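In the part that follows, the structures are each spelled out as structure tokens.
You will see chain A twice below: alongside chain B first, and alongside chain C after that.
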Partner chain A sequence: MRSYLPVARATYMIGLVYRFGFLFAIVGNLVYLGVAYYLWKSIYRHSETLRGLTFNETFLYVGLGSAIFILLKTYADWIIHYEIREGAIAMYLTKPIDFQIYALFANLGSMIMNVTVLTIPTALIMTLIFKVKFAFGPGLFLFPISLLLAFLVSFSIDYFIGIMGFYTESVWGLSATKEIVVTVFSGALIPLQFFPEAIQKVLYWLPFQAIYHTPLMMMTKPDQGLNIFLPMILVQLAWAAILFVLARLFYNQAIKVLRIAGG
Partner chain B sequence: MSLIHIKGLSKHFKILNRREGLGGAFRDLFSGSYRTVEAVADISFDIEAGEIVGYIGPNGAGKSTTIKMMTGILKPTGGVIQVNGLAPYENRIRQAQIMGVVFGQRTQLWWDLPVIESFKILKEIYKVDQTTFDKHMGLFNELVGLNALYSQQVRTLSLGQRMLCDIAASFLHNPQVVFLDEPTIGLDISVKAKIRSLIKTLNSERNTTIILTTHDLGDVEALCQRIIIIDKGRILYDGDIKRVNALFGAYRTLKLQIDNFTEATLQTLKDKLTECFGAGHGITVAETEEFWTDVTIDQARTPLSDVLSFVMKNFQVIDVRIVEISMENVVRKVYDGALG
Partner chain C sequence: MRTLGEYFRLYIIIEAQYIKARMQYRADFIISSIGMFFSSLATLGVFWVILETVPDLAGWSLMEMVFIYAFYMIAISPMQILFDHAWQIRFHVQQGTFLKYYFRPLNMMFYYMSEMFDLKGLTQLVIGIALLIYSSIQLNLDWSLTRFFLLLMTVFSAALVQISIVVAASCAAFWVIDSYPVLGLAWKLREFSPYPMSIFDGAFRFAFTYVIPIGFVAFYPSQLFLRPEEVSSLVYFSPIVGLGLFAITYWIWTKGVNSYTGTGS
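Now for the complex of A and B:
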């Protein structure tokens, strides 16, 4: 593991090289927060709570969702697909590294970068400009753990799609579809509570809710007991492990095909 | 026991026959006929530790495929391949530790970061200890003055600087064998010379085995004691460079652009050359591209300068170029039995 840390450090540094991108991302988030604020304000005009959430809670959920959106979007699918297409993958195959762990750490570096320059400023904007109140409770402390697990789930899905590049010339369609599915079914745009009951039931059985819904609920309603939070974390952990192993098996299979069919 | 042992190695690819046009592309979606391509048909050789071997051949000869099998990227269809006693594709991570690879068209450096960061990453990936790392970095600096480049972003390096860094990086972990695939491609003469001397010094300092594939016969001449020529997946020649040297070392092609050129000019040129230098002058004349006439000269028999001054005196020459014999011509000459 120690040998991969410099990789995370390197991608963190690359983030710093392109520092102006973040300025635009923050401005973008500011605009999004403004729109979301007035949209949800009008939805909440006649009622104090909807689906068990107050306006403050819903806006906190949605706003924080936009703050962590960039973290959990790993772009691993695009990067890996590109490397396969361009044949750059050969570079990795001649090095004593495990490609999946390598890719994971590479993404981890840019994720941590994003926390410092995007998530924290966006959260500050929410409290200072939109006067969102953060509640206090054990959820606050579990949030970082949950976020890391969410990142693992998201990474494994993206990595899996990237590996498809061995079989298909373009993963554009797949990636675009995945993007929409993840954004909607994970609760990144709207809290899952707002979906119809029947759909909610299905969504809780899918891995996507582990990406946004779980960590965001910990911040939205942090003052709940561990009997609520612990199962949520365990479900995330299970999905992270399952998807990581599945992606690994898929990679091993793809590499075997590559070794025989050539590239 | 030789460092690299290859016997009866072959690699076949299955390739989908693409049909023509839009309709054909649709039909290819559902069914397709495959044809087998023999990228490597039957190759055997042994390479000892410390050798620099030139592995050459025209485009599509199977060079890259062989390199990919030696580095463990591809699994052979048949035959035996062992590097340091182990099959590369079965022991990839362990084998990668004793190999260094440079693909001329790609870089292993981090594009967006200063050069030194890539070296630091490689240090951890290959688990190079600090003392060795410092020693090697000192050596690289001594050889090509890399210190000056360390703080530069890789993307801002020139192609030659990048290649020097890439080659140095491939030697960082003290590998037993380094594969250099077209290391001088697209570089000018002075940078080529720098790269050649770097390779040569690293080879002699660490006794590192080097397998060099290239299109530039100058590289081979400057670096290798032994040369393996392959074409169509088979070995044409494997042996001392001196014999092959006689083939391309002595030959130069004089490219001429002659004023008012006609078919007759070509014939006159031929006749006059024979008249002046006598039969068995070792000169062949052919029109290659439009307006250009190629006069290939065997310098062992007729000095180039004599031919040049003769042509200049007797013909209205607009432009002249002198080029080394091409890889394709060497291969053709080998086919023609030039090496016996």
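Now for the complex of A and C:
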């Protein structure tokens, strides 16, 4: 643990260099929030609630989704693929560190950076400009835990895709496919409640809902009992553990085929 | 000065070589095409899910949305296929490799953009055309020769609008080196172009019509074919908007390449 914390610190500091970029990202989120506001306003034109959600709840779900989107987008797939292609991965193999834990902490650093410069401003814009009302309840306290578990699930999926770079040239195709599957089936674009019943059933069995849907529901309907929230957290925990182990096993297999051309 | 014909012939020669080289990585092409397939249909999927719950989106039915979306996919394809190298300007500028583009007796923008021909964009184009045909059959649209020419003209203008927005954003690299945030924003805005502009009001509608006219990429021109009776007269200006924007972008590009002095590496 002590040798990995400085990694997180370093990536946090790297994030500080790109202040100019964050400005544009915030403007981007502001525009997105505006578009989502008008879109959902027009959908809720004739009804108070749709699929058990009010306009305020849906907009909170979608808007907060965009605020945490950057946190859960770890880029681990791109970075690992790049390191394999450039041969930089050999550097890590010679050091007494665990590559998976190293990659996890590197992403954790930039995630913490993004909380401060993107998530908090976006949440502020939502409450100040779009007048979103937050409800109170135990869900609010579980939200940070759920977000951290969501990060672990998302990281493991990205890491897994990154390792596939050991076998294939095409990281663009793999990552683009993964990204769309994750964003659509996790609730990042549209609340899962809106999907047709049959599809919803399938989606709740997939790991993707553990990334956005679970933490977002804790904020949208926080005034529910622990009998609702506890199973949700446990499912997240299970997925985080399963995917972490799977990715680890995959790495142990993949490392055997690694050939580095020059460097 | 070379003539347009010469440039055209040159472009064919360059891309033929490029495609031959890319074909070595056939698996890459297949996986990328699958990726393109999914990512280009994501927003349409969202519209479908929404329209399972409510009957229409600001008065537009699912099939009409499919038509608008198909138009959007066709209109963004030329940018994806021909101008994909715009994404790399920031790397070339950072690493100093951009200098080589100054040393050819060719138009610089032509030379630079010709270095990449994005094959997976063809997948997008094919899906777009298929969806356009499918939706116009479902909607019983009748295609006279005039309307077909109108389609070609509006697609051409819409494609120019899209190209201009992305290329102009990528030119930010000449001044700030890392243009990714600007490009990312332009890319994000693009995804809103198939939305019915009638859902917006106030500042958003104004901005999407006059400032960053993404309304001209899909929605306004599609109206011409779906509901010609309620089309706004703005759409007849779309060739002017397209050509005008491209002229501005070309001016920004020229300014950019003239002011670029290298990063010293």
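In the analysis below, the second predicted complex is superposed on the first by the 258 of 263 C-alpha atoms of A that agree within 3 Å, B and C clash if a C-alpha of one lies under 4 Å from a C-alpha of the other, contacts with A are read in each partner's own complex, and residues count from 1 in each chain.
Everything below uses one rule, namely that a residue touches a chain if its C-beta (ideal position, glycine included) is under 8 Å from a C-beta of that chain, and two chains touch if they have at least 3 such contacts.
Please read these numbers as outputs of a predicted model, since none were measured by experiment.
More chain A residues lie in contact with C than with the other chain of the pair chain B and chain C. In the superposition on chain A, contact of A:Leu23 is made with chain C only, not with chain B. In the superposition on chain A, A:Lys41 contacts chain C only, with no contact to chain B. Touch criterion not met for A:Phe136: it reaches neither chain B nor chain C.
By the touch criterion stated above, A:Trp205 is placed in contact with neither chain B nor chain C. Shared-chain residue A:Gly87: touches chain B; no touch with chain C. Residues 18 of chain A are contacted both by chain B in one complex and by chain C in the other. Those residues of chain A that touch chain B in the shared complex are 2-7, 10, 13-14, 17-18, 87-88, 90-91, 93-98, 258-262. Contact residues on chain A toward chain C in their complex (touch as defined above): 18, 20-25, 27-28, 31-32, 34-35, 38-39, 41-43, 46-47, 50-51, 168-170, 172-177, 179-181, 183-184, 189-190, 194-196. Interface of chain B with chain A (complex): residues 11, 13-14, 39, 65, 68, 71-75, 89, 92-94, 96-97, 99, 101, 103, 106, 108, 110, 112-113, 117, 120-121, 123-127, 153.
Contact residues of chain C toward chain A in the complex are 25, 27-28, 30-36, 38-39, 42, 45-46, 49-50, 52-54, 57-58, 120, 176, 178, 180-182, 184-185, 188-189, 192, 195-196, 199-201, 204.
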